[in-house]
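Per-chain residue numbering starts at 1, and chain names A, B, C, D and E are given in the order in which the chains are listed.
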Amino acid sequence: MIHLMIFLPLLGSLLLMVTPRKWREEVAGFVAALTLGLGLLIWRAGGTELFSVPWIGPLGITYSVQLEGVSLALALVTAFMSLIACLYAARRIPNPGTMLALILGMATGLIGIFAARDLILFYVFFEDALIPALLMLAIYGKESRMKALVKFAAYTLFGSLLMLVSFIGLKYLGGSPTFALADLRAHPVTGPMQTWLYVGFLLAMAVKLPLWPLHAWLPDFHEQNHDSGIPDVMGTLYKVGGYGVFQFGITLFPDASLALRPILMGLAAFTALYAAWIAFHQTNWKRLLAYAGLSHMGFVALGVFSLNETAVIGAMYLLAFQNLYTGALFLSVGMLQERIGSLDTRVGGVMTQAGALGGLTMALWFASIAVPGLAGFIGEFSILLGAYQISPWLTFIAGITTIAAAAYALTAFQTTFWQARPLGSVRVADLRHVEWLVLGLPLVVAIFFGVYSAPALNLMQPAVKAVLSALGGQ
Amino acid sequence: MVPTAYYLALSGILFALGMIGVLTRRTAIMVFLSVELMLNAANLSLVAFARSWGDLTGQTAVFIVMTLAAAEVAIGLAIIVAIFRKRETTNVDDLAGLRG
Amino acid sequence: MPDWLATLLITLLKAVLVALALLTTFAYMTLVERKLLGRFQIRVGPNRVGPMGLLQPLADAIKSIFKEDLQVTLADKLVYTLAPIIAIGMALTAFGGIPAGPAGSLFGENPWVYNLDAGILALLALTSMGVYGIFLGGWASGSKYPTLGGLRSSAQMISYELGMGLSILGLLMLVGSTRFTDIVQWQGAHAWMILFQSLAFALFLISSFAETNRTPFDLPEAEQELVAGYLTEYSAIKWALFQMAEYVNMITSSAIMATLFFGGWRGPGFLNGLIPGIADWPIIWLVVKIGLFLFLFIWVRATLPRLRYDQLMRFGWKLLLPLALLNTVGTAFYIAFLRSWGWWPMAVASLIGLLALLALSDVVRQLWAGSGHGRREEPGPVRTAGGD
Amino acid sequence: MLLVALGIGILAVLVSALLGPKKASRTKLMAYESGNDPEHGGVGTGQRFPVHFYLVAMLFIVFDIETAFFYPLAVAYQRLPEFAFFEAITFVLLLLVGYYYVLKKKVLEWS
Amino acid sequence: MLQLPDVALAPMLPILIVLAGAIASTVLGFHLPRRALTIINLVLVVLSGISMATLWNSGASSFNGALQADNAALLLGLVILVGTLMTLLVSLDTAWRARVSFPELDAMLMYAVTGCLLIAFSGDLIVMLIGLEIMSLSGYVLATLQESRRAEEAGLKYFLLGSVGSAILIYGMALVYGATGSFSYVTIADRVGAVSDLTPANVGILVGGGLMLLAGFAFKVALSPFHQWTPDVYSGAPTSISLFLSTVVKVAAFAGMLRVFAGALADAPGWASTLQVLTAATLIIGNMAALLQTNFKRLLAYSAVAHTGFLAMALLGTPQLGGAALGYYLLVYTLTTAAALAVVAALQRNESGMQVSDLRGLYYRHPAYATALAVCLASLAGLPPFAGFFGKYLAFQAAFQNGYMWLSVLAALTSVAALVYYLRPAMLMFMPDRTPAREYAHGQRTPTTLTVALGVAGVTLLGILPNLWYGWVANPAIWQGLAGR
């Protein structure tokens, strides 16, 4: 079942190439829904056991996958958002076959990243997810996408190749027979070399997270992507850095994690604040959302790097649901753009004509800025709570971000949706059929888990505990 | 008997001369002749070594190297003539069509 | 006097002697040739300078030396001067390797200047070097006719050199050595090589004519086409040196042919029955044989017309080369599989080959005389310079 | 021998150079082209040799090397005739391939 | 009586079959159209491959080990044949457009392949040298075959630098011979293995010889700073020939390097430390220069230089790991480069290749080719689902495990540059475009398509299941015996 869940979207994507144009949307939607269904079934079964077979025997590369705990939660969110993206793409993009195929292709990569329990497999999925993202940008992007694309790819690969080298080093220096996570844990690398390898690994994750000096690709990436916001959804999902650090970083480099903790937490807190500050100045919705996402990711990073159980759980929780509502927000921006032809945050007065769009968007923003009762709050609160025990000052700095977030979000929202509609501007239509679902479903989920977080927390807690046990219970 | 080292030294000098020729000469023919000089330096050292080891393979190798040199001459001349006939120059620097 | 010095001096002495002998022969050969040609053409020939014109060569020499040595303005000075020196140097050097008698037969010394393991190879190499003289001479003159003449003659010489080199392979297989003394010895033990390798000899002979630029292969000097070929811009002593080289080459070729195919310095064995030991007299026999061949050269010059350039090249590449190869392979085959029959059947086979070639000469000529257009019958068009 | 031979050549040239008269004039030193003024000329001024000569030269190099290979074989032939024969045959066959090609390419046609 | 040489025909069979093709092309070229010749050659190449398969594990050798059909030779030989196959297929379509549709093209290709195989099968330096020269000389001719200014200049450049490389290599060979007294890999390896047996003077000569050999090979495989000819030649020669030169010839040269350095000189001092410097230089220069290219063919040429760096990195590993890595990488590299250049050959308007900007919107005009090209570029860049990734991975691993960590890191960093220049054209192809097409409209022809399909399928398959090929290559015993022990 787990294999099916990983590869079903890819199969669907390939299937789309031979499907007649008429049925592509249905096929894609069906595949995406099926994937989500499979994910839910796995959840009901309480995750899967570790499945491991040798892939490339002589090299010790295995095909080891497992979906449980955090990885399952993230996989579920991925499947869910892929479905949403498919739904919206089918409506918004003319002749959406290629886009749907790319969405599904990327879903496989992402779910694979979460499921992988072998470093090389992880790397493979990691890079696999990159290709559809690049193609989306290339095919549907805007004028100066080439620059954005190159930036995006260069940053990603800069990190990932060093990561690859560090993986090789990890196995070789540790003397592990395979790249499987379990084997590597049994043959740890110790001493200063561990730190170096961790740095190599971290670089990749920091790019993806993204963490402050390595974030420059992010705004361009979002700005140059298609207006509809669909690629952005997938791009948001691709921010797997936090998960990577959590799943592999902490387990494989426990000493180095501890040693580097202050620096990394500092970077994370700075990222959060810095991004919020920049976001405040944005007049382009996409850039604003990009920086908002960056700011959230700073939070996630703060949580993960703090190595505190509460904070880590919060980080994972935030990571999962941030995808949900930031993704949905990108889509809502896409809808806005479709109606008024602009991504500017100062169009004004949209609320009067498209109340439902405005309302749902606002609700999603509330989730984003961590209003209690929505999923974001639980995550951010846990992080702050946990991180405070480690480093009060940094946590305080990061905490300021939440206020900043409210400020930039509401300012932008206000200038777009309230204020006066300029004279002579086009009439803005309200939400129509599918669009209700596209924005509504994520919101419903966000509210649900904001109010009743137990299922998600129950899912994550054991996994986090297990991972943190690698630290020797500090 | 002349010590092998002398031969080696001579062949080294020849080789170096050839190398210098390759690096400084600008016409294809001269470069080419320098290469031949280098080949012959190699031949000389091969023969010298063959003698000092009392082993005939070295001389066989010289035979083969000579053949190679001849084949190179044939092909090199063909190429140079082909170019020369079109452009009346064999100056390597004039072949700027492929710069970059 | 240390040993090596003595050897050196003796060698030097021998070298000088040989050189002088060759030059004298050359000088008188010009005379003999002119005389003979006169005879052939029913006229008198030179008879003014000295009795029977015997002092003619001397006069020629003096004239050459005292004539003004022109040097064309456009010529490359160094190469222009060097070319004749190379030509004569190589020609003279080549002769020194030929043995004129058994070891120690020349007043206790060896009757050869040098004797290399690679005798015949070295000799071929030296004669090839002679091509440089001609080619460079033509090129350095910096004028049209000499350049073309030089090119032609080089092309001709190298083409025929192949035939020459290949034609003696069969002989080498039989002897198993490239040393002249070994070759002569082998012939002493068996019989003259001409018997076993008559075909090869025919090929070698033809090649020799071409190598020395003699009629019917004297294309480089074809006056109708190329004025005087590579010699056009040469005069005085340099011109004389080229001439000298040509004649010395002729002498050398004769000597080689004598050595390779006619028993070298040994006389015919049956004469021993007449005067015991006569066949083993050194030097004499070689000189006699050389003389015969030289006569042949002159005779041919007086008899045969010159070939056209295209015919010449075709002849070399399309007939001589394959035939030489065939001869080689045939000999190889015989040695490998039919050796038990002794050598004589091979002699017969070779002779049959030669006869077949002669008998079929008309058919064969068709083969090499053009691409089947029957161009031979046409009164060949006026050929432009440059033979290309 | 080589020294002596070259010496004679050099000597001859030298003697003549010393003894011969030197009265040069432009016309005398002009290249001979049947009385016409030389069209072009001089060494290294881009005279072109007909390509055919290059072809012959190249063919010679190739075939001469082949011959050179044959010499050691021929000299050592009687020591291992059967094997050497097959070697020689292989060699000659390869040579003939080249020869055939050259023939067919009409390199050996002099128009 | 001399001792009869040990002549076994079986190990030579693959080479002889290819040679037969070459000779047939030479002779039959006057009677058959080139197409027929190419098809004959294709069949012969396949036959040669089959004969290699039958020799698997036989460990046969000939001429007292001067020629050995051990498994390493067979594997490398197969890679060479794959490249040849693809070249021949592509030439079926594009040779006439490049004005090189002579029988000589086939003949020269096959001669070159003969040489390549000789290198792979070589058991001593002389055979290696002969193979290398046959290959190089044919290569010079191939590069010049098209009668155009560009091709001739490319040919001359190739020739001059190539012959300098040969000369250096031969001198190195002479020195190695001087130090060890043998040309045979086995003997050299034996003598080198016990350096203590060598006098200090000989060790010096050995090091010098090793370095010279290295420089000579560096010319042939285009390692910096001996790479200058590569871009000019690859972009100046007709594309189908660039394809051949950049795949088959390079594979063969690496086979030679593998034999010499990982085999004969494995224990010799000196060369490895120099090689790592060269490798580093190549990685940096190749990748950085490629970034600046605007012509796609030239870009691929520089990418070939950059890949040389990776391949050389594999060479730095222990023979067991490095050989395996190289064996895998070479096949993948061949498939990928050949397929990419095949697309260029099919779509270019003229032999100067296409500009990178011409690729814009290719996907909408030639979807299949564009996808294939994208796959190739992704593989060249080393993106995972494609085989190029494992090639790079293996190279990293080989170098890393032999202690060249900094080199791995450097390679990783330069790969980023590589990604950028591969990505740009790849992505351009998918960008919608309204300007008229700038490529040859009738490019799609069956053999080329077949080649491209072969390449893409191979790259994908080997990317997902590397063991299909790596399983054969991985056996360390194969590479341990490179010297023929």
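Some points to look at:
The rule is short, and it goes like this: a residue touches a chain if its C-beta (ideal position, glycine included) is under 8 Å from a C-beta of that chain, and two chains touch if they have at least 3 such contacts.
Since this is a predicted model, take the numbers as computed values, not measurements.
Between chain A and chain C, the least number of touch steps comes to 3. Distance from the centre of chain A peaks at C, each centre being the average of the chain's Cα atoms.
The most central chain, judged by C-alpha centres against the centre of all protein C-alpha atoms, is E. By the count of C-beta pairs in contact, the leading chain pair is C-D. In terms of their C-alpha centroids, the spacing between chain B and chain E amounts to 25 Å.
Centroid to centroid, with C-alpha atoms defining each point, chain D and chain E lie 39 Å apart. Computed centre separation for the pair chain C/chain E is 51 angstrom, with centres defined by C-alpha atoms. Chain geometry summary: the mean Cα position of chain A and that of chain D are 79 Å apart.
Of all residues in chain A, none touches 2 or more other chains.
The set of chain E residues touching two or more other chains is empty.
Across the assembly, chain B contributes 71, 78 as residues in contact with two or more other chains.
Pairs of chains in mutual contact: A-E, B-D, B-E, C-D, D-E. For chain B in complex with chain D, the touching residues are 63, 66-67, 70-71, 73-74, 77-78, 81, 85, 88. Residues 125-126, 129-130, 133, 137, 140-141, 144, 147, 149-150, 152-157, 159-160, 163-164, 166-168, 170-171, 173-175, 177-178, 181-183, 231-232, 235-236, 298 of chain E are the ones that touch chain B when the two sit in their complex. Remark: chain E residues 324, 363, 378, 382-385, 389-390, 393-394, 396-397, 400-401, 405, 408-409, 412-413, 415-416, 419-420, 423-424, 427-428, 430-432, 466-467, 470-471, 474 touch chain A in the complex. Considering their complex, residues 4, 8, 11, 15, 18, 22, 28, 31-32, 35, 38-39, 41-43, 45-46, 48-50, 52-53, 55, 57-58, 60-61, 64-65, 68, 71-72, 75-76, 78-80, 82-83, 86-87, 92, 95, 97-98, 100 of chain B touch chain E.
Residues 1-6, 8-10, 12-13, 15-17, 19-24, 26, 28-34, 38-39, 41-44, 47, 49-53, 56-57, 59-60, 63-64, 67, 70-71, 74-79, 81-82, 84-85, 88-89, 92, 95-96, 99, 103, 108-111 of chain D touch chain C in their complex.
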